[in-house]
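Shared between the two complexes below is subunit A, which has subunit B as its partner in the first and subunit C in the second.
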Partner chain A sequence: MGEGAVADEELTKEKHADELFKDFREVSITEFFRKNRAHLGYSGKVRSLTTIVHEMVTNSLDACEEAGILPDITVAIKEKGPEHYKITESDNGPGIPAAHISDVFGKMLAGTKFHRNIQLRGQQGIGISGVTLYSQMTTGKPMRIKTCTGDNKVVDIQLLIDITKNKADIIETKNYEEYWRGTTIEVEVKGVLYNLSEQGPFEYLRRTAIANPHAKITFIDPEGRKTVFDRSTNEVPKPPSEMKQHPKGLEVDDLVNMAKASKSRHVSSLLSTELSRVSGAKVKEIQELVSFDLNKNPRKLAWAEAEEIINAFKKVDFMAPPLEGLRPIGEGQIKKSVLSILNPEFETTLTRPPKVHSGGVPFQVEVAVAYGGKAGRVAGEGVKAEVMRFANRAPLLFDAGGCGITTAVNGVEWKRYGIKDFENSPITIFVNLVSVHVPYTSAGKQSVADDDEIIKEIRFALMDLGRRFQRFHSRRRRAIEQEARLNTLLKYSMELASAISKLIDRDKEQEKIAKDLEKFIREKVKFDEELLGDAESEEELTEAELEEVSEEEEDKTEI
Partner chain B sequence: MGEGAVADEELTKEKHADELFKDFREVSITEFFRKNRAHLGYSGKVRSLTTIVHEMVTNSLDACEEAGILPDITVAIKEKGPEHYKITESDNGPGIPAAHISDVFGKMLAGTKFHRNIQLRGQQGIGISGVTLYSQMTTGKPMRIKTCTGDNKVVDIQLLIDITKNKADIIETKNYEEYWRGTTIEVEVKGVLYNLSEQGPFEYLRRTAIANPHAKITFIDPEGRKTVFDRSTNEVPKPPSEMKQHPKGLEVDDLVNMAKASKSRHVSSLLSTELSRVSGAKVKEIQELVSFDLNKNPRKLAWAEAEEIINAFKKVDFMAPPLEGLRPIGEGQIKKSVLSILNPEFETTLTRPPKVHSGGVPFQVEVAVAYGGKAGRVAGEGVKAEVMRFANRAPLLFDAGGCGITTAVNGVEWKRYGIKDFENSPITIFVNLVSVHVPYTSAGKQSVADDDEIIKEIRFALMDLGRRFQRFHSRRRRAIEQEARLNTLLKYSMELASAISKLIDRDKEQEKIAKDLEKFIREKVKFDEELLGDAESEEELTEAELEEVSEEEEDKTEI
Partner chain C sequence: MKDKDVEGRLTELGKELLADVSKKKSPKMTMPQRGLNNVHFDKASSLLRLGKKTSTRSFMNVAHSKKFMQTAMIGAKCKELVSRGKTASIRELYYQLKHSIAETKENTFDDQSESDPLIVDLETMLEVMREELHLKADDKGTLIGNIIIEDSGDTIDCSKLGRSGLSVPSIVEQYKFKKVNAKYVLVIETGAMFDRLVEEKYHIKNNCIMVATKGQAARGCRRLVNRLHTELKLPAIMFTDGDPWGYYIYSVMKAGSMALAHESLRLGTPGMKFVGMTMSDIDAYGLEKVTETLKDVDKKRVSELLQYPWFQKKEWKKELDLMVNKGVRIEQQALASKSLEFVAEEYLPQKIKSGELLS
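The block that comes next holds the complex of A and B.
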């Protein structure tokens, strides 16, 4: 540290710390996002418009799902001038209680979702206030909200955000009676652009419909064209339920915070009531592994003690996290909605059982592969591989390059499964990550962090589908090859029969000889086929082998 | 909206809005980032460690630069157990005034940089508090800070963050005298991993040294090995200065906010004193274009009036933003530090003049291309193209796929410049984006948003270098071809000379004939060469043609 010693002469030219810190101040979260709008997805004209639609629609779907309502959503985009649009979104959801409207739309980091361990599309309490902010930043106009919770008392309100205070600035409120339940919101923005690109609102809504077969979504585009994505099922999905954290993957910090806030009288009861899958018997096992009495007061749990408990969790076997809290789309529905429109030659879907990622957060992976037919993405004259990413059924259209789902897809050696040139194959990969907390890389929620557990799980699921594809593919290849072989042999069998009959001078038996030969050939080819089939099934990888494969490759993903 | 009408029977199964909103609450910014740590770059073990080093080092470099001090920084990483490290970072910077220490390290969204229009690496007031948070989340231990502003009064403090209040929780403070100036910080974290990968701390510091030739950086790795990246210049870079916003690219919202906060008495004086390049003459031009008197009180400026001014800005010509506020590395320094270590066959650098991106924010692009020698990235047996991304001299090692710099590099048709297989070429592309506000895609600051202006500017700069490469490449190719042609001709010239001399029966003149022939051939080859050279120079694209090219391609980038 001697090198930092102060030379008087130097100091005269240098600035003193006090001068540098004279402007030190705190900013509000709204000021922060106003300046860093790209964090929220507001970069680029098309993307900004899609972001607005995304925030509106995910809120409506979440609200309907929680309330147990079949969603009926309408989105209308109207052009008001160059790069200037009005967006109106309307749902038949539960409505918003009057007391909360201003915070929902005019305050960031406020909401019902952040602190609950429940699977919803939204989770941050930022997105929809971000739309209000973007509207006021580009046109100076307020967001207008009309909502009713079913009591016929409609609130019709217009608000801006007070940026320095991070709270709503209410411009106008009207109250009136109407027999209606739902929410309609409207904003006017500039600096955005509507087009039909793969990252535009139309494609966003199309994919939303694919992953939400219970939702009816109506879209009216700037030219007034109406598209209805109708629901393919009338079943109301069971509302997601709040889940306790699972001990596996829970971190010391989580437990310490939980203990501080706990109302339990003993650490032992905290463990058995506030965590998932911790029975009284498990508490006893944990007691054996720690150096202190689990009867102690949770508010007095020290970091080192919490660390002992977390280490004990790693040694104890617990049941896997419960299924009921997570709401996958389900293999049947995926098949119906995703695959039917692609009309592929081959299709397969898989919903893996739930796992936990960091912090004891349960998650689940659903994947599907479609090959041939309309699968893949049309690019110029050819077809390219297409990856449809979803998180809790919300489409992820942006930031594919930085997304863990992309990492997982690229981590599969498709060649091994007979897909030689993955990039240029007529293939659609569908991945839906279901979790009570999706580790997004930014507040814009368009890509998932490279979490080892999540990537591994998606990769395994895709490898499983890869093996299924391989079986189909090699069966198809074998069928083609067998047919070719058979045809060749049969072609010669006639000539051979003729030659043989001549040789043995029994012309009239030529037909019988030919038939015998054909029968012999067909049997022989079939026999070869069966032998081949057996040999090939041995090539399959078992789950154990897969684990080995992944162990070897672990270095690659550990970044 | 009739479809949303309430059926009594339905409601009985559905949940009411009041029930759904019973858990509505506000969270602090620290709680938000605690749960969404991936936004700050804490995803993956290696990345998390690099993020910590990054936050520490950028703060030190910023502080030294602002104070006009030649930075001397030491980073030491010590292994305490499996995935458990202690990181110590020390600088000879200006120190931190005692009153601000707790906010700098223990409060998010507080700092000296956010609201100033000045080019610094840090800009959010989040990063270093994020390190404190990550330390307490993984080990429960406080960050320790020892600092002195040069008055010999050392403050040695240990603090955590009170997550719900977003403020420092001070554990211990010691005050003593020492003849020293600078700051040393220390944290202990778990769940991280040190390795020598391309995304590890060593590579991070190596690249930091490359882009900051005035800094001396000492690194002590977990095995105790010491590496010194010494400075290659002793010149203290001129501290960056605060810049006024430039009218071009300023948005209505910016002007409205500026007007609200302004101390000017008239809108006209606001324009001429608070913006860059707006002279009295320009104010008169603007007055001609708007419908109201610019003498009005800025606090009374309406949105529509601000919009008129912004529209007027678009029609008026202003001087380009001033150079002095931005601090590029400079072509000479890039050449010295970036290119010398690669020892390439071909190298070229370019610092473009400043431009403005959204919100009137000045920015500047520096690019370099190195080809051959040690350029490129060693991958297995071969060499692949390498892109080194920097923003305000800070290396961007992560999220390359989602970064606008990557979009720009991929947007260049390298084939046009004679690089047939870019991906597999021994080429290093260096890009440094210099700006008073870099539009990062997330709080982790590892990728730049796809801003049209920025992408265009980087692409143009790279296309320029591409043309330079092409000239070198075709010269080199021509040189090789010419040599080959010459050698072939010369080889036959001896035989030809011998044949001619025999033919005309003058054996003794054979030598002279050979010499004449050689002279003739050499001249002929040289002449061809010159002709070729002239023809080729006509192929060059002018700036005007480039603009056209970009216009055509604009659709691609407008997302």
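The block that comes next holds the complex of A and C.
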């Protein structure tokens, strides 16, 4: 960022977007889309279809949660011809007020989420209007939206995007009365392909259901088969709230922009009222570190002065950012959905306390490990390990190789926890990265950047679960071993009893001796199993782990 | 030991096992360890002796369970043999006990190699001899010579058994030596050399008793030589191939074996001497052309022998070193390269007369 950006007082929303959108106005929208389709999720036939489903479902889930509604979503994909599909998605959400429909579906980068410091699934507003654009580019057909806010007035609208003006081109509008609430979207697209791969819509919806235990998702595939991922909880997550910026997450130009728009009279009051965790005492600390008087008018704050303040922020300790903006799924909820969808022999879930990345952006990591049952990914005859990546509950299906979450999972030495052949184990690793700002590697939002703090946090969380798994695993192994031991001993006990009875010249007592021996064997095996279990629970951490944990402790004190 | 005492010890074993169970303890059997770490060479007696280390076999340890059961089964069977006054060969014992375990496809014993070592366990555990358990091995070894033996009421004149001689049974305790006219006992490793010497009438011409061990000597053979040496004061002389295997057969005859170290006093003959084949014989008799090259296993065995305390005598170290240096071994029958009669008419008489014997 240079000073040029700051000089422009009337910053448009687009200018604030990712680098990718910087010169948005200069190129036509279709041109932009073609150039960037890979980044926007429209590369590859399977992926394009999944992206479309993703944009639709994400919108529905976000809308329902903001309105406090338990989502009931249906997705149907129908094959119209080779690589030609019709996708229908409907929800029971709040509906869309008629006046907003054309902006939501017919204008690029017009989303309501963009530029709010708030954790929602979609962040950049390319979303659903991209679907409209994709449909009109591949089939020339408009998107059809039927929506009703519950006031009996249904709006049934078909629209395209006027690509030169970046606004909706309404083809047809129908209004009629019907008593329902929700939104149904229908598009026809070509150049896409439905299959059951790990990147396909089915897997996308399966994972979405796991990360959204409060949602009921019904899927009807091109063969007409219906799958229902039922909700495992009736608790609607609390809608996230907007939050003040934390000083550690602020850049110089952010501060300059804030200052220009501020209604505060002094820079000092701007700092204490418009930022989070900056108290009067902290302002005094900052004053000590800067060369000018913080009592000056914010609108006269120079770039160099703002820079001094930002440098001072780095030297001052602030309380960790407030966490109201973060919306983890919660251990209990993840457990419910994992149990209902994966039905594993063993599962364990952990939601770590929030932390910050990039100096001040709050984030939180949630992990789960499921083993056995339907955990893992079916591959041919066997089952392979599966890593489910999520960012703010949205499944990340693509670019696994370049994702920080993958780096973190691979950074765990699973062998240490008794998983000898991780790749070929019936295991599902669930990782949800929760943050108001997820550092995606691209606008396609399919992979998280290799951020050290995030990777470390995920690793620690997984190591914690690894230890829990190990306890389960050794319990299980012990149970199997003791079972085998019991069977071995019982097998030989009859012959032993017979031999003893002969040695003591009491052949007739053979049965009694056998019974006594069996009773003893059963008691002893049970006793030993419990004894071993007690010994295990006192197990110490390995040295290597202790080292890592102490590193972790240090981290905590840094915030 | 009387049969009654043996029975008593077996009963005692059964009672101990039963007592363990009623005391909620794992049934256990304790016996002396028979590995190299519990066998030492006793210089005073020149015998391998068993140390004091014991090992305990526990039924509740699944690694021991089957062996434990098998040992108890053998004990029970021996008790039956003793009380019925029958003696079974160790192979018969194996077949008597072999059957499938109820409700499984598993056999109590899969091979005689499973039961044989457990018999020895039982012997050492109860401190009874195998024959006292009414068990015997197959006959192995042959004896010929001027000796009259009484066996269970029958009289055997071992000079009148033609060329085949007396087949040495596994138990020779009942033998009574009635009449002996011999100067020494010659113990021979191979059956082929024994046959050669019989044909040459070596035992008659030299007035000795000849015993063929036919490979590693069985208990019967070892006990018989021990008795001839200790009871009749006959010098014992061994004649083996010139290789580590032959030398070890000599060592077992003389000092006892690790596996049966508990029986060394009865089975070993510390006064025994060794006539050949030695490495020096190769040069002395011009046998360089009829040697065989040492194989890797032979060399490995030589280095093992060099580790044993009872091979630490100067003369034996010299032989083994010489063997390694020459890289060859020599068979008894290589002497036939001179002539068939050579071994009987020149080699043995000369060496024995001149006292060119190793200890």
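By our rule, the second predicted complex is superposed on the first by the 402 of 559 C-alpha atoms of A that agree within 3 Å, B and C clash if a C-alpha of one lies under 4 Å from a C-alpha of the other, contacts with A are read in each partner's own complex, and residues count from 1 in each chain.
As a convention for this text, a contact is a pair of C-beta atoms (placed from the backbone, for glycine too) under 8 Å apart; a residue touches a chain by one contact, two chains touch by 3 or more.
Because the structure is a prediction, the values reported are computed rather than measured.
When the two complexes are overlaid on their common chain A, residue A:D516 makes contact with subunit C while staying clear of subunit B. Of the two partner chains placed around the shared chain by superposition, subunit C is the only one that A:R485 touches, whereas subunit B remains out of contact. In the superposed model, A:T149 lies in contact with subunit B only, and not with subunit C. Set against each other, subunit B and subunit C touch different numbers of residues in subunit A, with B touching more. Within the superposed three-chain model, A:K45 lies in touch with subunit B and out of touch with subunit C [touch as defined at top]. Comparing the two complexes, no residue of subunit A contacts subunit B in one case and subunit C in the other. Within the complex formed with subunit C, the residues of subunit A that make contact are 484-485, 488-489, 491-492, 494-496, 498-505, 513, 516-517, 520-521, 523-524. Listing the residues of subunit B that touch subunit A in their complex gives 1, 3-6, 10-11, 13-18, 20-21, 23-29, 31-32, 35-36, 38-39, 43-47, 63, 66-69, 72, 90-92, 94-97, 100, 103, 107, 109-112, 114-116, 124-125, 136-140, 149-150, 163, 179-182, 184, 191, 193, 197, 199, 236, 239, 251-253, 256-257, 303, 306-307, 399-403, 406, 437, 439-444, 447, 449-452, 558-559. Taken together, the subunit C residues at the contact with subunit A in this complex read 10-11, 13-15, 17-18, 21-22, 24, 26-27, 59-60, 62, 65-66, 68-69, 72-73, 75-76, 79-80, 101-104, 106, 108.
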